[in-house]
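Listed after this line are the structures, all set down as structure tokens.
Heads up, the next two complexes both have chain A, just with different partners, chain B and then chain C.
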Partner chain A sequence: MDPLSESGMRTPHNGAVVQRRSKTRSYRQSYRSCLGTASRLGLTPALTARRLNASRRAAKPQNVADKVNPEHLALLVKAEWQLSYVTPLYQFRHTQLRSYSRQLAAFIVAEKQQGLAVEVSELHNSYRVSLSVVQGLTESEDDAETVLIQIHSKPMFARQDEPQRSVWSGWLTCVHGSPEYLRSLPKDFTCLPLFGSRGPEYLSRVVKSWFQKTFDCCFGSLEINHTSLQWFAALWTDCHSQSHIQHLRMLWTIPAAPPLQITYTVDHQDAWDLWNSVRKGPTAAVAEDAASIDLEEVTGFLQALKSHFYRHFRLDLSAGTLQQVSTAVGSAKSSGRIKMSNSRHVIATLTLLTECALLKMPI
Partner chain B sequence: MLTQHKQLAQLQTRCQTPEEDMQSFRNFPAPSSSSGGVLWRMAHIVEENKLTLTHLAELEMIHAMENPNQGMWYTFQLLEPENDAQSVELTQFKQQFKCHLSELLRQMSVKIKKHTDEAVWIRIALGSSFSKPNHLKPTYVVHYLQTPYVFVRNLTSKLKPLLSQALTLATRHQGVKEANLSGRNLTSIRDLLMRQYQQVFPTKYRSPPEEEDQPVLNQHIEKEQGGVAAHRRHMAHQAFGDGMLPQLQSAVYMLDTKFRDPNNRTMTEREETFKCVVKFSSIDLLESLRSCASSGIASAPVTPLLSSIPLKGRNYFVVTDNTPGPSSQGHQTQN
Partner chain C sequence: MAETLCLSDSDRSSSSDQSVPSRSNNRSLRIAEKERKKNEAEDSFVLALRYFSEVEAGTPVAGNDELDRNLAVVEKVAFSKGLSPEAISVLLEFAMSLRMGTSPCVRVLKCLIPASVVAQQAVVRAVVWLNVSKIPISTQVLFIKWVLTVFDLIDAKDQLRAIYGFIFSFITEENLCPYICHLLYLLTRKENVHLYRVRKLLELQSKLGRQPFLMHLLSLYKVFCPELVTLSIPSRIRSGFKNYISPWKSALAAVQKSNGQQVSSSISAAFTIKEKSISRKRKHCHLDLPALSSVLNKEPQSEQTSRRKMVPLVHLSSFAQMLKDMHRIELPAQMGSLLGSSLALQYLDCVQEESALLRLNFWLGCALHEEFLFCRQTSEEALQFLNNLLSAQHFLQEGFSSSDAFLYKFLNVWDGSLLRPQILGLLSNIPVIPSTQIGRLLFEPLTQLFFTSSMFFKCGLMECLNNMLLKWLTWHSVYALEDDLDISLNSHTSINITLSGFKDSVMELVHFVGRLASLGLQLEGCNTLLLSFILDFYETVCDTFLKFGLPLVVMPPPGVFYPALLATDPVSVDRLAYIMHRYKLNLTSAKSQEKQTEPQQAFHISRHTFRQFNHYLVFMVNCLWNCRMFHANTDMHVREELLHKSNVPQYWTRFDFIHHPAFTGYAVDFHQKCWPGKKDVDVNSIKQSKPWSWYLEYLFNQGFDGLKDFVHSSISRQVTAGDELQDSQQR
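This part shows the complex of A and B:
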């Protein structure tokens, strides 16, 4: 774009990649760290077999309420979740969830009392943990079923008849995970790469350490990188024909001294029209079966928004980082927090997040 | 500081004891805001000293005048001065203002003080026909006589029309409108409006080069980029000012313009405008914008949309296309 070339300082070109090309595990680590929050790669380079899909199906209006227990669904959509990735779990059985619940409750109390041995049956009045299966979130056969974890408790001096409240909830899921990867795992491993949690930090830490000890897995924080945030902006705008998005809001941080925050909110109709004008081929409004969305269309959409901004303010948003994308359908922050406000689009969101988690895993 | 101590000493000697005043004050529910909470606790503490409500209100006003950079201040501008508007001085203003306001409202408490920097501070606590004035949530109004600017904090919708009327009459103007400038620092928004900060005026000839406070890092970079960087810095300072800048926290632009992009024919041919809202926020907005312009993140010359913030002294804009011609700089801001 002509105006952009006049700026005295060129912003880093989106495709620039600087990496060490060694084949050892340390190379893998550096590749993975490139996809953290500091990354502004527009296209992940084809250096490993796994990368973010360059095209994906547009979100179909899913009648998820038919397939999934409405209580579970209500739990999923009402809160903002902190995301982590999980490496595959060793010898995790969906049939033993009751016993896992008891073990986890015992572990929590033990951790609280700093290692004193406590019997499993004595714990019911302080913590109650329930692990349950959420069926229906995923359609493919390779995906393991989603597991929901809830911790209930009541305060120390509460009355006897007061019910226990939920103090912490979390879930482990795999939605449309890459079939080659899932089939390549050894038999005893269950892959549930995406972990979401909500509640006090100390309980999250305890739950994670119990999982790590019991199933020999590894947790790590999952930041939502720039490309994924762009995907969310495009996917959620695409949902406008089915669910009213109200607006498309993006939060950028510019590295000035002191840092400048720019909140760019676009009217829903204008965002929808712009998105349709960027789509190549038949638009989603016309075609019945969901056409696939390419990464080029996504970057074109964001580029158009940035150029409209530049025309007015002569400030190139590429110089900053995209931190947050939100619409009425959901909101995603680069720190790894996600909120899915509309149950019909939960599956599409979880699909993208599962892909991010699989990509971020060190194994 | 000295006057403050003197006033406090005066208050302590001048103790009166109308207990019912204190009682009615204590009957209000404890407020959630921090300044109201301070007043609440003070009421408990000083009750032994038998200080009255008026004393407390006085103390609070002194505190507010010494610490003006709290809360959110909104700016208004007086319009169409009458012939004698310039000659309004303090006693006349006080008398007229109190007189007009008390005509409109029964239960209210108004205090007017003059600050050392010539500002007139007005503290208004409103009651209703059934209750005494609520001193926990007073409205503060600051006005500099002989200027058309009024700064207000904590204005309620009930008080707004009455305050406008009283102000216009007392200052001999015909109307008042919102000036589209708001911020937390009263001193900053005042300095911005009255241009009391270091400005750089556009000159035909480049001013002598500024002293380099940073050591030159790389001779080659300096040779190639030095001139360009200096030019950028000069443009940035021209747009925003030199030295310390008034502290603003945010600027909001309501954009309602047509989408024009040579690469995108569909949107360019679209009839409707592209509506969006852009909000810039920072702990020191003008400093951030100036540094964006110096470092090149914002292209030089700085766009009039951004340089209007210090130029016009406002941080809320509605931007539309007034002319249908395609021009990237042809945006008019509505007043």
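This part shows the complex of A and C:
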């Protein structure tokens, strides 16, 4: 009865109640909510609404290149990824990646053959799958190591000697995941809530379904909402001191008839000046170790951009929605596509996205 | 013949008329009659079969009443119960031999619905007939379609395989070809694949083009003998043969269903109830319950588990088996699959593993969020999914935490009509919410929904909240017992906190419903249906102490009490009387218990509750019994002048048992029964002491038990309609 004594430890006031719960079945959660105590998982799932952090550390220019395999980093950085969230993986072992690779390859072949009466022999070794750990992306000890998945294959009408090419790639990651959440999970679970994929849709589907079958997890699409996009606009602008952002471009849609789409591009220097003006206190000057950025500053920044636009075009952008934010550092779309162009800011971007993904967790 | 039958019928009826006395005799006669009819039907079926097996070739069809009658008999049996293997053999032989030409042949073929299985012999003979007699092509197609439909029911296939080459020869017939290909596809073994058959197929292909049915057969041949078929098969041929419209399918399903011994279900695994959804749209991928499968990835586990041999849940097929292997059951790879299997739910009911439940909740929560949070229309799958979930929750007698979490979010975006019964069903399973949170999570969204929705939603919500309260109270009454056991183990205080927290939540809920009910009744003009659902709720509330042992009594608000008392239908008044009666019992027993127990342990029911109860009781008795409706010190302050102005004679008596709009009808009826001769009805004459008690007796006999209990418990009858009210009061 490990979990019970554990919960007793965590919630000392209600030790008695927890004790009594031991008699009831373990999934009885009535008592938890009845008492308003933390559950045995340390979660009070529905009762405490998780929110996006209102304040976060400014993106420190980290030289991830020192920590992360440059090959992996190049792979992460060069492409646009379609994002999903993943519920915690059950009995996932980082030590078993080799055997997972084999299983996944076999699974892909099996899926391809489904519905085919004919066994096509070439299919068998037509896919090579590699799962590997990307060391160095974790930020806290609770984060699980990032896993990179690559699928190589030969094109349909390839010559015999042609080498296999990467046809699909994806990764599962957790950067700066909420420690309360991560610690609340039993140790059978590995939480890698953020999943990015690139490549043909059917392969994404197959990979997802293999993960679902093997680790009993679920995938769902991860949209980047308005607030998160605003955060990206601010975070990336804040990077300007270290890496040139070129411009800050935002795409707005206005619900008018006919629908109006507005591309709003701000020059890098103007954006930087504006950002510095909304930054509170002296922190802006010493951006090197800027403590944190508040949501207030972010909304202030966006408000200033909007009012500037209003002054020129008599059009209030608040009525519309932000669909896309892009700079030379990265771009994010509300549909859940992200591109990280500069390796120095990968961590900051992934931190925010991990947070978004954890918000999507059903419990 | 018809005439004689009629005669005998009338004979029998007249004779039974004469022999009045013995009813049982009559009854046995009827049974005998039924038996006879049944036998007759069976006989006629046997006769019909005999007719079909013996009828001479060349018997004319036109104007043949006998044939018509027998066909009708066979059809009736076929479509209601299905045909036995022997019957099918006889009929198939009759049809395919074309003994009476083609028209009865088609009709017979169309009613060949097997009750259990089809004898292989019959099918083989029929196939042989295909070549011998001159059956029109359309009929041949019909026959092959029939074979394809009942293929799984044919008791053996070896002889059919033996005539593989014979069947293959029909492939050249253009109209038959698709069906023959399908049949061959089902029959083909490796030894059937020969080069000449491949050549034939290829030749056909060059003639007919790349037809899917040919490609399928060829691809199967390629699987068996890749060296014979060099043709490249495209990777994406449309899967399966086209599901040709078959006239038997629905009838077959119906017959099998009614026979109860589903032949097909014995083929599919009895373990899971998973049904392949008809249309597998990608849109609803989250709604498919995962298949129950064992863990793919067996890694070296801890020694303890590896020493025991685990039994995957999939391999269990009965409850007894599960009990036997209870200690070594291995959970499936995907916990979501448990939801589809009743046996697995049994296991889940006693499973102690934290992570297993967490996995299930992750899956369920994800499916609910992805599919329903922004869903705007109902689909068959959605409905089925929620019904599955509901029945699982019913089975476990509680909700899943992920569905609760989902509901708290969903209530904010719900329009109140989407999947209403299911959502309200899930809602009623929500566990107790602490009183500090209950407003934000439940009341705010529900208030909005309640006041913006139709009457039916209001009724539905009332029912749902009643169920929720019932579950909370039941939960309390079950675990309150455990509390007692634990008292020795634990400090006292924590339990007290528990109880008071629980009480607070229940009180919040009851007050909330009271507010909704008062305003709802106003909005809907005291609709009787809504009132009935509200009274349902208060029937639960009034018994919290006696039935569920919760020392809490909450009175209904005036907005519920008065509309119920002054309702125009007697049922509402009767139920209110019952509720008041139960309140009285609860309050008196709570009071006596309060006196017995020591002060520090005692629960306390506030004086306000007693006062409110007495207040209602006095009003009710005044109103129904004492004819002092607008007495001072009541909630109803109507000025004397105003009452005079209304010109209602004796306004203070208007709501007694005689004049109350709900009971006037009864009063008049009683009056007529009591004084049948009297022309002018003066109901006031009932007021006299004797008729009054008769009238009450009469009312109680109409089934107003609530009133009966109320009158017996709250009004002392010795004082006839007296003003001695002290008896009826609590304090």
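The rule is simple: the second predicted complex is superposed on the first by the 297 of 363 C-alpha atoms of A that agree within 3 Å, B and C clash if a C-alpha of one lies under 4 Å from a C-alpha of the other, contacts with A are read in each partner's own complex, and residues count from 1 in each chain.
By our rule, a residue touches a chain if its C-beta (ideal position, glycine included) is under 8 Å from a C-beta of that chain, and two chains touch if they have at least 3 such contacts.
This structure is a prediction, so every number in the text was calculated from the model and none was measured.
Visitor: Just chain B (first), just chain C (second), both, or neither: which does A:Cys218 touch?
Guide: A:Cys218: touches chain C, not chain B.
Visitor: First (chain B), second (chain C), both or neither: which does A:Leu315 touch?
Guide: first
Visitor: Given the touch rule stated above, what does A:Pro186 touch, chain B (first), chain C (second), both, or neither?
Guide: A:Pro186 contacts chain C only, not chain B.
Visitor: Any idea whether chain B or chain C touches more of chain A?
Guide: When the residues of chain A touched by each partner are counted, C comes out ahead.
Visitor: Applying the document's definition of touch, where does A:Pro88 land relative to chain B and chain C: first, second, both, or neither?
Guide: Only chain C is touched by A:Pro88; chain B is not.
Visitor: I'd like to know which partner A:Gly336 touches here: chain B for first, chain C for second, both or neither.
Guide: After superposing on A, A:Gly336 lies clear of both chain B and chain C.
Visitor: Do any residues of chain A touch both chain B and chain C, and if so, which are they?
Guide: Residues common to the chain A contacts of chain C and of chain B are 3, listed in rising order.
Visitor: Can you list the residues on chain B that touch chain A in the complex?
Guide: 225, 228-229, 232, 253, 255, 257, 259-261, 263-264, 266-267, 270, 272, 274-285, 287-289, 291-292, 295-300, 302-303, 305-306, 319, 328, 331
Visitor: For chain A, which residues are in contact with chain C within the complex?
Guide: My answer: residues 3, 13-17, 19-20, 23-31, 33-36, 40-41, 45-47, 87-88, 90-91, 93, 96, 99-100, 103, 112, 115-120, 185-186, 188-189, 212-214, 216-221, 360-363.
Visitor: What residues of chain C sit close enough to touch chain A in their complex?
Guide: Residue positions touching the partner: 216, 219-220, 222-223, 226, 233, 235-236, 239, 286, 290, 293, 296-297, 299, 333-336, 349-355, 357-359, 361-370, 398, 400-402, 404-406, 408, 431-434, 436-437, 441, 475, 479, 482-483, 486, 489-491, 494-495, 497-498, 501-502, 505.
Visitor: Provide the residue numbers of chain A that touch chain B in the complex, in ascending order.
Guide: Counting only chain A, the residues touching chain B are 3, 6-9, 11, 254-267, 269-270, 273-274, 276-278, 304, 307-309, 311-316, 319-320.
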